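Structures for review follow.
Two complexes come next, and they have one chain in common, chain A, joined by chain B in the first and chain C in the second.
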Partner chain A sequence: MSEVLEQIATMLQKGKRKDVAKLCQQAIDEGIDANEVLTKGLLAGMDVVGAKFKANEIFVPQVLVSARAMKAGSEVLKPYLAGENTTGKGKVVIGTVQGDLHDIGKNLVIMMFEGKGFEVIDLGVDVSPEKFIQTAIDENCDIIGLSALLTTTMPVMGEVVKAAEEAGIRDRVKIMVGGAPVTQEFADSIGADAYTEDAPSAAEKALELLAG
Partner chain B sequence: MNSMERVVMALNHQEPDRVPVYPLLAGVSRNLIGANCREWSTDADTCAKGLLKAREEFDLDCIVTLIDLSVECTAWGQELVFPEHEAAHPNYKNQVIGDEDEYDKIQYVDFHTCDRMMMHIDVCKKLVEASKGEFPVIAFVFGPLGTLSMLRNQEEMYVDCIEQPEVVHDTAGIITQVLQEYCDALLDTGVQGIMFDTLFSSGSIMSKDMWDELEGEWVQQLAEHVHARGAMVMIHNCGGKIYFDAQINRMHPEAISFLYPPDDCADFVECKEKYGDVTTLIGCVAPTTVTVGTPEKVEAECKANIDAMAKGGGFMLATGCELISPDAFDNARLMVDIAKTYGAYKK
Partner chain C sequence: MEDRKIIIEETNGEKTLLDLLQGRGVYVPAYCGGSGTCGKCRVRILNDPPAVTEAERELLSADDLEAGVRLACLTEPEVGMEVEILAGDEAEMKVETSFSVSAEALRQPDGQGSGKDLSAPAKASEKGSGQNEQGSQDRQSGQDEQSGQVEACSAGSPVVAAVDIGTTTIVMSAVDAGSGQVLGTAAGVNHQRAFGADVISRIDASNRGKGAMLRSTILRDLDLLQGQLGLPAGTRRVISGNSTMQHLLQGLSCRTLGVAPYTPVDISLHSYENMTILPGISTFVGADIVSGIVACGMDRSEEVCILVDLGTNGEMAIGNRDRIVCASTAAGPAFEGGNISCGMAGIPGAISAVTITEGRAAVETIGGAPPAGLCGTGVIEVMYELLKEEIVDETGCMDDEWIEDGFPLAEGVTFSAKDVRELQLAKAAVRAGMEVLLQAFGMDYDGVGRVYLAGGFGQKINLEKAVGIGLLPEELLDRMEPVGNSSLAGAVMAAQDPSVLERMARTAEMAQETALAENPLFSDLYMEHMFFPEQE
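== the complex of A and B ==
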């Protein structure tokens, strides 16, 4: 593999966003295809970050700085990627459910999804069931990801599942749930397709769901 | 045996008549007195009335004055939002430290100028008076790093922890100075101890070394001060894989309130074996179970906690975090019943 791509992956793991942006530009200037820079540089680095995060070798602050480095690199690559979902892994709409303003867990999941090559639409916090469903339809999403940190907002996840059924899209979208108070038992009770207890596992589970 | 006697025995690692119990009912106590969230969290009379009503209705052995996590940050002018049905929180679009170079906005302030801190002190006064020494009142204080996180967007603060750790550390030190004086005023009301929320000392968030570097020194200072006043230090931390060893090393707490087994224990049984003689264990029933679980599930979880940690005292049955919905009331009553029956110590 090209030395510059290895450097991108390494600097991303260290969270050096200026270096990552500079190296991405250097790679493009050297004539490396933007998609290759994305997959073998940025995503390769993020994959290591996700694995280390899951193994408790690194923690939330380190993941956040790496994610920002990835974003800086992606910005450089964007004009060369022409806005396409270049990895073809799938499209995810994600948000924190209505009544809940917590977003760090959700943001970590987004980083892990992007690190696996998913295209992610982030609806932010306090998102209504209608908004999740409409976006999934309009954007032809494969997965709806729901986050909640409060026991009082968890029931909204069930409302989203019902709304997907009523909208007639339940058979073509997978619904994933997560957040501190959420359990596998709760996920089963509302008919969600998957629950995972941490962000890296969510991204891995998403790959499994779409593969199979 | 009254609640005070029961809790004191448990804290002394002796077996009282039964395990002390308190499902953590704080803000939700407003539902018992017909108040809304804003009234409950801004008016000392209403807040104290709600907490006392919860103690009376559920027969709780202890009151912990968890109002919300945005009490301390208002001393530095943090604008809050008061939703009708949930806890107050910072206006995330208008944080005091809006940018990485704005940490110097945090300077020493006189806590007497902070309405919410003064209100909390007033609540403690009222509760201590009402307790007549029959049950303990523990004042809840968000730790230095926690308070800082309410002044700075939390996600941004995490990045700052990597990119300018010395600034984060030093600012937490300034906050500590104010919190120490605040703790003095809380202790002057006669509360038996301070429960510090050390949210960040958890494998869910940051490494043990990073926590110790950024907050260890400051919580040690606070804990030593509270101990020097002859009061108890307690810790609340509902994160995953929390760092018992690092926090005990710094704070020597009389008790730790927690939700999940610590980072160096596989389960609550191992936690009891490792730390049961060092500190009193408070917990660890999941709020989700109590809020949406069946009575059978609540009963099983309470019994498992008692089986794992009650032997020899040094244990209080509680939820690992706050119950925020009135949907939890029936199961909270069940928790107390289980403590009274299954949690009875056989002499």
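== the complex of A and C ==
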């Protein structure tokens, strides 16, 4: 592999935003395909970050700085990747459900999804079931990701599943749920397609869901 | 102990045994609110125990399962079922009943000097001074029944029960309203724990139609403590506590408390016939903080002070007599031993002090009992030692040697890599909250007079170690003052002198809450403070 791509992956793990951006430009200038810079540089780096996070070797702030570095790199690559869904992994709409304002867990999941090459639409916090469904339809999403940190807002997840059924899109979107109070039993009870304990596993599970 | 064996004679369509027991007022702790995840609602089915569920297999030991132990929340009740209620782990829970606030804070208005020191109450202050109308009416209504009921009570003056209702524990002091003397204090578990360990699970239970049961549970607990103090029925109560507890006690709907924008139904000062409800500031900053602010005298001092309550919701306030800003952070229960793999309440056997030398831990426990787990104080101690010995680096990464199984502290007690992460989240939330609060107030460290640390944990905390892990800023170390249960202290003051109610109402009205969740500065600082300070 090209040395510059390895450097991108390393600098991304260290969260060096400026270096990552500079190296991405350098790679493009060297004539490397933007798609390759993305997958073998940025995404390869995020993969390592996800694995280390799962193993408790690194923590939220490190993931965050790495994600910022990845964003800086993506910005550089954007004009060269124009338009196309670059990795073809799929499109995800994600948000924290209505009545709930917590977003750190959701943001971690987004980073991990992007690290796996998904295109992610972040609806933020306090998102109504209607907005999830409308976005999934308008943007033709493959997955709806729901986050809730409160027992009192968890039931909204069930409402989103119902709304998807009513809108007639249930058979073409996968619905994933997560958050501290959420359990596999709860996910089963509302008819969600998947629950995972942490953000890296969510991204892996999403790949599985779309492959299967 | 209450009767521990029950035979089910009839059912009323309850889906679970837990529901049935709750309906009959039988206390079974269920921290998770009955969702089958905490494993606390253990009961033994004496005749023909039902098939074991997957969750029970995970949460209960093989021996227990063999002996017919099941989880009440996963068991369907049947007529004729013989159920033995197994003792919870909280019978001996140590409750913070003490409070110490500076003499200056308790100085009377109008230059009357330091009249009331809570730890050594004044002998005879002028009775009736500064009473507001409601207060004096209430006092008179209870007077006839009360006089002479408590031995130490000065002749003819009413006794008032000052109460702090915490999510986990309840503390009550009997206060001679005439002399201001604290005659006795009793504490116990908040038996609403049968409906869940945290406020959100209580709100959830209330929303699911269990509000009346939650209310009768807390009323029973209050009667129980009142009985222990030898106070008669009808004794006037002054109630401090968080906003959820106040809602449940008054039978108010909790529906709006648990979903954004988290608006309370009513948190204003109320004087009922035999009960005064102290005012709160918001859903997350309740009467317990207002009480603390007043007990610490922040509402009167010229100097700007900070109050931090290190509970599950790390509530905090900064200000002086002219202006107060407050906030709450979802710190989580790590400082109470919650969410920690070997965490436990501050009861005998809980590790409360740790030193690590050459990779080996030496521990001290509460009551000198064999080590059984870590209480909040112990969690800070072990974290400090692990950093000092470089077993954990400043990013929170544990040495390879221990990352799999955790660092051993004593037989069966370890501190895991995940525990380090839980603590990082909790301490970052508190620290970032403090920084944002300072900024919102427009103040730097130099301008801060005192930092009052409230909560059971604040009393025993090793301040140097708390600073060493970055929970509290080093710059303020010389001004920190643990004050214990400042919520109770405020309730006691209000019982001693009803004019304090006016101060509380004014404080509640004056205080502004700053929302941390939507504050970008908070997010930045939260991330920044997740790391530990560099060790020297």
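What we mean here is this: the second predicted complex is superposed on the first by the 212 of 212 C-alpha atoms of A that agree within 3 Å, B and C clash if a C-alpha of one lies under 4 Å from a C-alpha of the other, contacts with A are read in each partner's own complex, and residues count from 1 in each chain.
Keep this in mind: a contact is a pair of C-beta atoms (placed from the backbone, for glycine too) under 8 Å apart; a residue touches a chain by one contact, two chains touch by 3 or more.
Bear in mind that the values here come from a model prediction, so they are computed numbers and not experimental data.
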item: Joint occupancy of chain A by chain B and chain C, clash or fit; value: clash
item: Partner chain(s) touched by A:L150 [first = chain B, second = chain C, both, neither]; value: both
item: Contacts of A:G15 with chain B and chain C, given as first, second, both or neither; value: first
item: Which superposed partner A:G99 touches (first chain B, second chain C, both, neither); value: both
item: Which of chain B and chain C A:L64 touches, first, second, both or neither; value: both
item: Contacts of A:D126 with chain B and chain C, given as first, second, both or neither; value: second
item: Intersection of chain A interface sets (partners chain B, chain C); value: 56, 58-62, 64, 99, 101, 103, 150-152, 183, 186
item: Chain A partner contacts - residues on chain B that touch it in the complex; value: 85-86, 89, 92, 154-155, 158-159, 161-163, 203-207, 210, 241, 286-288, 291-292, 323-325, 328
item: Contacting residues of chain A [partner chain C, same complex]; value: 55-62, 64, 98-103, 125-126, 150-153, 183, 185-186
item: Partner chain A, residues of chain C touching it in the complex; value: 33, 35-37, 55, 196, 200-201, 203-204, 207, 258-260, 330, 395-398, 403, 417-418, 420-421, 424-425, 517-518, 527-528, 530-531
item: Complex contact set, residues of chain A against chain B; value: 15, 56, 58-62, 64-65, 68, 99, 101, 103-104, 107, 150-152, 154, 181-183, 186
